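Next, two complexes with chain A in common: one pairs it with chain B, the other with chain C.
Entry: the complex of A and B
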């Protein structure tokens, strides 16, 4: 069995309690400062943030490479620039 | 420069735009736009540029606020009647956005002062209400290589074009000189619907922002005319005139001219 190794994030942003669209703005600004191929980890609340932010991130051309549900019902996303 | 938390929140809707982002917002904050005339066109232009976070806004106007201005010059309020327009505009801009540094020039733009004033700016908005000023701004901007937005409005109508000196048609490529005094009425005589000034001043602000961001297609080489009575928009393609007296191959005008103002446009 082949295990895909999840990359270690180059940067982490905890966006829990940050409302839309400021959560996306913060993720976008972080990605702007990173180089192509680097990985950003963001933690988002369920609900509106999870409905909006991943879509906006994809529309900017970034790739969401992993989504993990955390114990407090929030989500951890790994985004490759 | 780096955006602080308050700026990230204030400019979030700008930053979300692909054409702006964090780097575009930083560019806006470092940019300098001059508005000549704090009237019907200059009011909305100044407010939108300030709201967008243009870091330095210059305002040129030698007038004071009159009660009859308030119907369209939305940066001035009833309590400002009698105040200098530059000071009234500065106050509103600073209330709206403390990030903006406002420089005021409490004077009418003339051939003596205009080159010194525009020298410090990246883009100029012509918000004046008379032909002599429009030709003066055109000539000064072409001679000093400063891009600017022209707009002219009357009654329900208006026109606007963006000039990139020596790249696109200038105002004199279209019109060789001011019309004979008295042949065209002024807003004072013919009237102007306030919202028409708002429409054109807003177009001028958007042109300035796009120029600073280096994005989109400017209204360069395209004269936009609008008849708001029928809400018809028309675009006229205009080429550089090789015989233009200012930006042509052998320019006849090499120094600035102060045309005489029509009596009805004289500032009292």
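Entry: the complex of A and C
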């Protein structure tokens, strides 16, 4: 359980209240505009979005480097392209 | 075939019917019409309400049809039908309104591209299947691959009693209704955690819809009584700490729909592909041997007890059998299945 120092995100996307699969599509579009190695921060609602989006991001070949639960029960993911 | 007809009728009055005579008569008729008698016997021609008209059911295992076959179905429908096809509930293309005098031409036309009609009657039907792991993100097992192989090997095999339906679903979502099949196979996955890699991010706990994972001392712990082996935790894990320890088929037997539906029993877990073949073979043998008259295997098991089937088929084959009701109950714990 080695935790690296959390990088500062290059871009942030608040996807709270955005429904599946649009939340994933928006994250994907954002990642497409970024360069390899950059970090995208996305904020997702609990429930369906948290069950689906991280898995789709992983299958696209990106790396989820951190998951943090926020005060309003949403989640913040750090994704390295 | 004559002895099967006896079994189907199963009542003394009807057994007096001159089966051989009837058979000879049918053969004569088919000769006059230049019908291939074997073609008719294998089924696939379904009598319609309308006089002399039949629905021709084409053989489409797993619902996969090449564009060449699609064009052939269209051609047959244009020439011998009404320019329509019907998509059956078990993934087959059917051409309705075909006159029986055209059967031999239809059969010949299908043979040209190495295609054939499907089965009906007391036989193994065309197996059905989802896309499986080949392109469905939820898929765990290769349903199309095994479905095609099972079709090649067992399609049309007579059971001596009633129809026998086989289906394949790639994951526990079970789009292909393995619970309603005489024999159903569903993909399953056993997860395992590499504790040294796990960062304790809890994504797997979030992804699990069964509440089968909870955090203990910073690591996810699996509740075996709840886990239905869907593999969602493995798919979501960002750093591949949750991995797939083994993959296989969950076998269900004795399901059916129709007027009186039966929900199948889970009988064996984590079957390898070759074990699927042995289970199909032994189950059909057991069914042919133990059923009475025109009953489905679910009814046979109900009459003789599930343990008899388990002992004589599943245990005998050395498969990982599911014997206890608790082992099955988790699959139904959130449904309204009244049998549990």
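Remarks
Everything that follows uses one rule, which is that the second predicted complex is superposed on the first by the 78 of 81 C-alpha atoms of A that agree within 3 Å, B and C clash if a C-alpha of one lies under 4 Å from a C-alpha of the other, contacts with A are read in each partner's own complex, and residues count from 1 in each chain.
What we mean here is this: a contact is a pair of C-beta atoms (placed from the backbone, for glycine too) under 8 Å apart; a residue touches a chain by one contact, two chains touch by 3 or more.
In this text the structure is predicted, and so the values were computed from the model without any measurement.
Aligning the two structures on chain A places chain B and chain C in clashing positions. Legend: residue contacts after superposition of the two complexes on their common chain; A:32 is shown touching chain B, with no touch to chain C. In the superposition on chain A, contact of A:6 is made with neither chain B nor chain C.
By the document's definition of touching, of the two partners only chain C reaches A:67; chain B does not. Taking chain A as the reference chain, the count of touched residues is higher for C when chain B and chain C are set side by side. Taken together, the two structures place residues 56 of chain A in contact with chain B in one case and with chain C in the other. Of all residues in chain B, only 3, 8-9, 12-13, 15-16, 18, 21-23 touch chain A in the complex they form.
Interface residues of chain A facing chain B in the complex, by the touch rule stated above, are 21-22, 24-26, 28-29, 32-33, 56, 60. The touching residues of chain A, counted against chain C in their complex, run 1, 3, 46, 50-51, 54-56, 58-59, 63-67, 69, 75. Residues 137, 196, 198-203, 206-207, 209, 218, 232, 235-239 of chain C are the ones touching chain A in the complex.
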